[in-house]
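The following block contains the structure, expressed as structure tokens.
Chains: A, B, C and D, in written order; residue numbering restarts at 1 for each.
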Amino acid sequence: MALPAPLSGVIPPLCTPLGPRGGVDTASLGRLIRHLLDAGVHGLFALGSSGEAAYLTDEQRDLVLETVVKSVDGTVPVLAGVIDTTTARVRDHVRRAAALGADAVVATAPFYTRTHPREVAGHFRAVRAESELPVVAYDIPSAVHSKLPTELVRELASEGTLAAVKDSSGDEAGLRRLLAGLGGREGRRRGPAPGFAVLTGSELTVDAALLAGADGVVPGIGNVDPVGYVRLYEAALAGDWTVAAREQERLVRLFSLVDVGPEAEMGRSSSALGAFKAALHLLGVIDHGTTAHPQIPLGEEAVAEVRHRLVEAGLTPVR
Amino acid sequence: MALPAPLSGVIPPLCTPLGPRGGVDTASLGRLIRHLLDAGVHGLFALGSSGEAAYLTDEQRDLVLETVVKSVDGTVPVLAGVIDTTTARVRDHVRRAAALGADAVVATAPFYTRTHPREVAGHFRAVRAESELPVVAYDIPSAVHSKLPTELVRELASEGTLAAVKDSSGDEAGLRRLLAGLGGREGRRRGPAPGFAVLTGSELTVDAALLAGADGVVPGIGNVDPVGYVRLYEAALAGDWTVAAREQERLVRLFSLVDVGPEAEMGRSSSALGAFKAALHLLGVIDHGTTAHPQIPLGEEAVAEVRHRLVEAGLTPVR
Amino acid sequence: MALPAPLSGVIPPLCTPLGPRGGVDTASLGRLIRHLLDAGVHGLFALGSSGEAAYLTDEQRDLVLETVVKSVDGTVPVLAGVIDTTTARVRDHVRRAAALGADAVVATAPFYTRTHPREVAGHFRAVRAESELPVVAYDIPSAVHSKLPTELVRELASEGTLAAVKDSSGDEAGLRRLLAGLGGREGRRRGPAPGFAVLTGSELTVDAALLAGADGVVPGIGNVDPVGYVRLYEAALAGDWTVAAREQERLVRLFSLVDVGPEAEMGRSSSALGAFKAALHLLGVIDHGTTAHPQIPLGEEAVAEVRHRLVEAGLTPVR
Amino acid sequence: MALPAPLSGVIPPLCTPLGPRGGVDTASLGRLIRHLLDAGVHGLFALGSSGEAAYLTDEQRDLVLETVVKSVDGTVPVLAGVIDTTTARVRDHVRRAAALGADAVVATAPFYTRTHPREVAGHFRAVRAESELPVVAYDIPSAVHSKLPTELVRELASEGTLAAVKDSSGDEAGLRRLLAGLGGREGRRRGPAPGFAVLTGSELTVDAALLAGADGVVPGIGNVDPVGYVRLYEAALAGDWTVAAREQERLVRLFSLVDVGPEAEMGRSSSALGAFKAALHLLGVIDHGTTAHPQIPLGEEAVAEVRHRLVEAGLTPVR
């Protein structure tokens, strides 16, 4: 399906359910997709950081994308992560994503190598040239260790290389400057890149991003509580900012479940992904809370704490 | 004067006008204070980063603070920066600030040294114990290279060590988590630290911070356009978020004047402080745009660009 | 072939010659290998950072490794980089490397994700378990943004998970602490990991590393001047430290060719890899100086400067 | 006294002994100086990072410097740290150091602020212009969060602004490039800055630095074992590199005492300074192991471990 221009709304970065031995659990994945579509999300982003793409083999990535495209069946756009170190490798993933029926690809700046902004621009242009699929730039300095310069995003948006940016940089001032540079909250559609979408990946400041003129959100914890993010988005659309802020605050509290893993024992990433999956398991959406090797699994105490925080946020564990 | 509890509103971090040879220009400082008070600001923060405190000798710091206290004459609270590397040195500044009549002190975590959060806690407690003055924690990782942990701020707020935090970290998600932890936008005054104030130093996302429940803002560029920040704050108080966001967007555009200094020739800090001062000079508020040595002054072309951006933002240069 | 225990000597990280359209130039690769073997190097490391592994597709990586194994024909050990984001993906590369006849694999800590040291340990153990091939840990924080803790390397060495570490961290004090912890320059072979090799990737301080007890070196610029590094190594073996230091100093001067690319126009990595390849082209070893997309190629002026520095270092360009 | 040109040898950065309530313990300081002079050190550096300068008030700094100048009584050069955020504040310290009889001052790049290399150059020139005292640049990115560019050091050395650099960056490749740029280990005295001294602050790689042509060392742990560093230096002077390396390795092992403080409880800096002072106390040199507030003191277990490591390194605790 053609991507809406601009892309907008709530587009969760799909978790990838795994079986106890680490294989992709397609049945659980199907249920997770249903859980999200039922909540009214506006798109799905497969194979992102929350989807543990960096942990999956190429074969596993293909299986995930195939399952998503088939389950979604054209009801909402499917964005596919094509995360790899540099251009030639990313282009291989773009070809696979196109063949498997994705509606857009999501690519980061090169990583592992140190890459100059001019080279990053060349990278995105080559990724765009590889297929007919629109390209979403994934700005995630915590993973790739460089920030997409605001000026560069504007340039790539204006020339048509990029259809959207997913800003997971946490740099909300930079996001604001980007939006202002694109014409501002009221002038965007008459600005230099009218169909270009600005999506925030900062799931704790979505009300703020929407108030500033962003088009949508890609919230990791939206896997767990998609209804909350849809509610927040709709309140914002309606201009009911107090309701939006109240809902955001509830989601901020829920988000604290990412801290349940003891810092002395596991990485922050393992704790967050483990908590998302434990929550989905407790809610009855997926069959196992397993995260990919070498992430250390949450212990029983941590899982109990996840359950506690779900209840506090008004959700209903079934296990 | 006693600090309001919580401290709130627009509290600009005063620039320190300098004469052509680098001395403090107290006449210009007086006019700058008048410029801000006339705009309706709710407090003044002297000797912060925007005030070039790190560039001033102890004698110059004293002269600035004396001038501010005298000019303000009790109409709004005066916060005094006590910026120095570690506890004993900061305590010396606290004593001077108290003697000179400040209403509160603003202290960072230790810098130059690497300091553990438990040691940072001890630092703030010792600073608090040095005088009767309330202590504001200044969270500014770009300068001190550590972030105040949310949990630590909450602890120091609850026990009464801190009266406020000025969050210049740019970590808006962290700010949101702090606010939620203190009771949230509607529950703060019944929370663990009822009189504690959360002030944002992120001048480009003030509408967002206020929507999330922050009490006020300490905007560097508020030196240049205090009326804009007061307008933004009042719109937020009135719940008129669309007006607040529109005003914020105008200020985001104005803020772009910090980029006028060529990156190949000067630091980002020199460019920003130079642009603030050039703007104040062009607006007729201060007599010279001089910044402290060894900062490189803006060239003529850059100053012309500052003037251009002032006009674009609706301000009226008189030179 | 079985890896010597400990692995030692000069083991250049092979550049990957590319044709003008970006394909692997196997003929040039064969000549480069001959250039290195003729100089007396003690092993070859294919598909490392200098080999632009992060830029090559899986098919290109296979072609490189096949060519190297065939060209070397058992005369020296062939180490194969298995660089990818996390465990499952790295294991795929390990299987391919084993099938193609590598003598050892070289793996980094996970990247893109944030990984706890305990998880890094699990990663290396799983990589080791994937094949019979010895595993060399590649400590390269500039690429993966974490440092292998000294204590962890010692643990993994002692238990037999690692056969060697290639330390490209630039942390020479850490290297010294590691060597001391393994028994020291005179006690290593009676220490907790007698066959374990410590190789430095810091090509400008090789004399120092060997003096401290390191076993060998993996020098990027050893592609250009392998004779120099073999001479340095042999002087060190003979205890002739003054000769070693003098040779090192000549190589430090030669290394300055990595700076020829203008900083405003390209990344530091592109400049360095471009300069190595330009040098190999000027010396008549490879047919093209092409680097992989999206790296920006060196301009004519920069190439002329490379030639100049080759001559200054006593090498003889043929073009 | 005039500084030797180049300054050379072992120049420990003096610890500052404190009494149980945090005051400077001048009697212990006198004994520490005697301990070092008796070992044959070639100079003393007061008020550096190991001297806890960042923790001392101006009055305490003066008292330390007065005591040192008087105790040393012209037998070796006294270098005085003038550590503060920026130029004007540093110049105040320079004047005090000159008045108190220091033989040279040691200044870092500006910190707290972000400063462009051109501004750093202006800073050092202004510091140099403030007095007759030679200026040593203190390159310590871990504290000031910028690295002095090699090219800048060479420029400031050649023009006479700097008399020496104390390189505590840990960037040994950069040190090697600097030495090569100044003429190399055999050509330095005929190079662009013949009297300029390169001192390493990397106490674990001193043999390497001397082999590369450095003039001396400023070792924190040289407070504890000055005899070891003098022995290392003399072996290097005599060209006996095997002896130098063996001594360095012993000192590397001794250095491990900096790790005795539990990471969960205190900063790495508190642990290191605490361990140095605990060692000096155990060796009977100073009366108390007290470190400055807000550093957390070592516990009994940690102090016992310090004693253990002193014994292992061949030193003789008297308590």
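Here are a few things to note about the model shown:
The definition used in the following text is that contacts are C-beta pairs under 8 Å (C-beta built on N, C-alpha and C of every residue); 3 or more make two chains touch, one makes a residue touch a chain.
All figures in this text were calculated on a predicted structure; none of them were measured in a lab.
Chains that touch both subunit A and subunit C: there are none. The most distant chain from subunit A, with centres taken as the mean of CA atoms, is D.
Separation between the centroids of subunit B and subunit C, computed from CA atoms only, is 49 Å. Between the CA-based centres of subunit B and subunit D the separation comes to 36 Å, rounded to the whole angstrom. Of all residues in subunit D, none touches two or more other chains.
Pairwise chain contacts in this structure: A-B, A-C, B-D, C-D.
Note for the complex: subunit A touches subunit C at residues 22, 49, 54-58, 60, 83, 85-89, 92, 110-116, 118-120, 122-123, 126, 142-145, 265-270, 292-296.
Within the complex, the subunit C residues that touch subunit D are 170-173, 176-177, 179-180, 184-186, 202, 204-205, 207-208, 211-213, 239, 241-242, 245-246, 248-249, 252-253, 255-256.
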